[in-house]
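Okay, so chain A shows up in both of these, paired with chain B first and chain C after.
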Partner chain A sequence: MAPLYVALLVGAVLFGVGLYGALSQTNLVMIMMGVEVMLGGAMVNLVAFWRFLHPETYSGQMFVLIVMTVMALEMAVGFGVGTGRFRAKGSVEMEEARDLKG
Partner chain B sequence: MIFSYLAILGPLLAAAAVLALRRGAAPLALVGSFAGLAGASLALAHVAGGASRSAELPGLPGLPLRLVADPLGALLSLVVGAVGFLVMVYAVGYMEGEGSGARFYAGMSFFVAAMQALVLAGDWVLLLASWELIGFSSYLLIGFWFWRDGVPSSATRAFLYTRSADLGLYVAIFVLISRTGTSEISATLDVGSPAATVAGLLLLLAAAGKSAQTPLQGWLQDAMAGPTPVSALLHSATLVAAGAILMIRVSPLLPPGVRLAVGLLGALSAVACGLIAVSQRDLKRLLAASTSSQYGLMLLAVGAGSPVAALFHLVAHAAMKSSLFLASGVFQHARGSTAFTDLAGVGRERRLAFLGFVVAGLALAGVPPLSGFFSKDAMIAASFASPYAPVFGPLALAGALMSAVYVARAIRLLWHSTGAGSPVAGSGWMGAGLAALVALAAALGLAEGPIAGLIGQDIPRNLLVAGVGLALALGGLLLGWFVPAGRLLGPARGPAERGFRLGGGFDALAARPALALAGAADRFDRGIHRGVVGVGESALALARAARLADDAGIDRLIAALVRGTRGLGGRARRLQSGLVHRELVLATAGAALILAFLILGAFAP
Partner chain C sequence: MLLQTVFLAFFGLAAIWFAVVVFRTSSMVRSALALLFSQAAIGTMFLAMQTEFLGVLQIMMMATEMAIMAIFMVMYMMDPGGLSGMDMTHQKRVSIAAGVLGTAVAVGTALLVDWGPIAGVPRPGAQVHDLGIELMERSMLIFETAGVTILTAMVATTAIAIGPRGPRGGVDD
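== the complex of A and B ==
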């Protein structure tokens, strides 16, 4: 089995790719994809720590399951917003969306 | 005493009735002044034995109106009543065809009533009140033709001159009352020396103002702007006589030093006003200056210690001067002017009036057997009998000489004709009044004995002095008749004609000091004003500083606070760009910051 640092490295790469995607993309869908990838990297880390450090307990797995549920919810809400925006404005480009400017 | 009331109330009620009814003014005034004359004669008859009657009318609390009919007061009251009545008779003719009859007759009646109150007053307060009333009514009468040029200013001038000298009477009365505690005239006459000196000099000032004595003589010349009956009344028995009457009345009060001052002032006026009279080019102005001169002789007699001689001359002069004025009124009616150039030869047309003028004039000059000879001789004898004879005597003779000169000059100018004027119909009323007064002027010499008996003093006599006086009178008449005024006076004629106003007079003696005093008071007042304004301005400056501190300090602090909060808010607002990316970057940066702290915290000891 591959050692722990490989899993952590994969998780870090995933988080960095996700962060870059979230910051560089202008489309709402793409930003959300970046956020998903970042969460995925975080989950890889969680699973790896559970498997290599405390394999006898289940709390690590439970934590990952909860994160996954939250991700699903986040997806649902985010895409709901995206659909509503698309219906209203015909676009989901975030550069145009400055409605929350103070 | 009831008759003395009648003497005052007759003219007073006539004045009131004339003003109330506004018609029948002349008959009412005649009846009123006749009632006054009758009352005065009866009152004199009652006190003829030397008795004195007095009455107190309710006046102010503690200040009853006290009337006294002693022989002196009753005699003067008779003079006022007689002259008032005869002038009123004359005025009926003089004022025919003039408007405003009611105003004229009411003023004249009121004038006579006020004068009666003055001569009968037994109380300083009543005397002061009537003294003011005659000044006021003479102002009204001098200004009777108030629409003519120069008349209002003449009336105002006369009023102001006499009023400013009246100040002396006020202060003298205050001094006498405060020293003796009573306002009864007879009780204040024996006050001690320092008060008597002060009061005597102040009374002399008041008398000099009313009688137009030397420094104050200017107003009387201007007072000729009034109608001629007013001038006649004013000069003979009322306003101008009031000064001499006052001095005769208070003569027991005067200490020797004050007597000397009275005599010197009178002598000076007699000579100076005599010179003015000789130089005048107007008949009425000549008569006015001669009045001042004659009253100067009376003051001289008072100063010489013989008030009875002054009183005798006052009575005779009342008749002479009113006749002269009434005759000049006749000439004025004939020619429409009183300048000598217009009046030349008028005596040939109006022979009867001219005869009256000559008789009264010769009486004034002191020609026997007319009244002026006796009265003037008495005054000259008195001045030679006084302790100051070396001063008073020659001055009295000079005054007498002057009167002869100007009388002769006036008669010559009226008689010498340069052309023929058109005769104007005369009035019987004017003739009647004039004739009666001329008869009095001629015959009053007979009154010497009765007057002396009435007052109880001897009238001084001196045969040598009488001879010198007569010689001087005749010499003066010849001088005045043959020598023109210009050659007689030489270079003194110019100043004399202007009334010696440059050498003093009211303007230099009173007006300029008064103006200087007023200027000083004004400057003082302005100083106080500046001080008050300065205090106010410093308070304002203090308030302004307080406001500045308020504005600059507290207000600016609060404003800075507000501005800072606003700027902070603005800067915070700029963070809220609404851009998702920016939010994300900020969140990332924040998270990285937290991470960095955590890692540092983990490795820190």
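== the complex of A and C ==
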């Protein structure tokens, strides 16, 4: 059971670090980095569950592929919003973003 | 099993360390590189868990993704080099409390639940074959939905990034 617990503990700590980052940063790019770290922790857990508990069903690996897709989409849409915001206001500081008017 | 545990612990600690460095350094380029190393360490953990396909995919995807992220960071940050020592954080206490609470709940769940016996793992070739069958049979709809979602996100992102034009007035008008 030791490798499963090690992977789950690493996933838990990564989730916590990512949560701290996503909540504490004021810049849009840094907030996205926090979300990436959280999703990384979730992926470690998913792979560990697949490998150590249910390697005969491939839904676990499929789930990881979907999370990777979500990570890429989050980056793409985040940078799209960042570009729009930077064009309109000249900054991607989220403390200044009080509305969604662009 | 012992060697696997050692490798998992080593790369896990590396992933955590670089994830912490992401939010500790004031240089944005270092921050992006630290995130790249953290995600690469996660990919190496996948390899240590004998999930070769996902491990290689993770390392390749994150290498390109973080390279693009570094470019955007240098473009959009007010102080990309971190030379002026700007503080770009807020609500620190709440964030630390949320992070510690989230970690504690996840660690408690991991340690308290009885996960059952450890199973053996299929060979790498069989894994890739069976994953392909899974993608093309049972999970086909999910796979296709992911493809359509990516296309939608590409169109939406481009539309957002271009900005308003025409009679309503825009930045370029």
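A few comments on the model shown:
One rule holds in what follows: the second predicted complex is superposed on the first by the 97 of 102 C-alpha atoms of A that agree within 3 Å, B and C clash if a C-alpha of one lies under 4 Å from a C-alpha of the other, contacts with A are read in each partner's own complex, and residues count from 1 in each chain.
Keep this in mind: a residue touches a chain if its C-beta (ideal position, glycine included) is under 8 Å from a C-beta of that chain, and two chains touch if they have at least 3 such contacts.
Owing to the predicted nature of the structure, the values given are computational and were not obtained by experimental measurement.
Looking at the shared chain after the overlay, A:Tyr5 reaches chain C, while chain B stays out of its contact range. Residue contacts after overlaying the shared chain place A:Val67 against neither chain B nor chain C.
In the superposed model, A:Arg98 lies in contact with chain B only, and not with chain C. In the superposed model, A:Leu23 lies in contact with both chain B and chain C. Number of chain A residues touched is higher for C, counting chain B against chain C.
Of the two partner chains, chain C is the only one touched by A:Glu36; chain B is not. Across the two superposed structures, the residue set of chain A contacted by chain B and also by chain C is 19, 23, 26, 28, 95, 102. Interface of chain B with chain A (complex): residues 572-573, 575-581, 584-585, 588. Residues of chain C that touch chain A in their complex: 1, 4-5, 8-9, 12-13, 15-16, 19-20, 22-23, 28, 31-32, 35, 38-39, 42, 45-46, 49-51, 53-54, 57-58, 61, 65, 68-69, 72-73, 75-78, 88-92, 94-96, 98-100, 102-104, 106-107, 109-111, 115-116, 118-122, 127, 130-131, 133-135, 139, 142-143, 146, 149-150, 153-154, 156-158, 160-161, 163-164, 171. By the touch rule above, chain A contacts chain C in their complex via residues 1-21, 23-30, 32-34, 36-37, 40, 43-44, 47-48, 50-56, 58-59, 61-62, 64-66, 68-69, 71-73, 75-77, 79-84, 86-88, 91-93, 95, 102.
Residue ranges on chain A touching chain B, taken from their complex, read 19, 22-23, 26, 28, 31, 94-95, 97-102.
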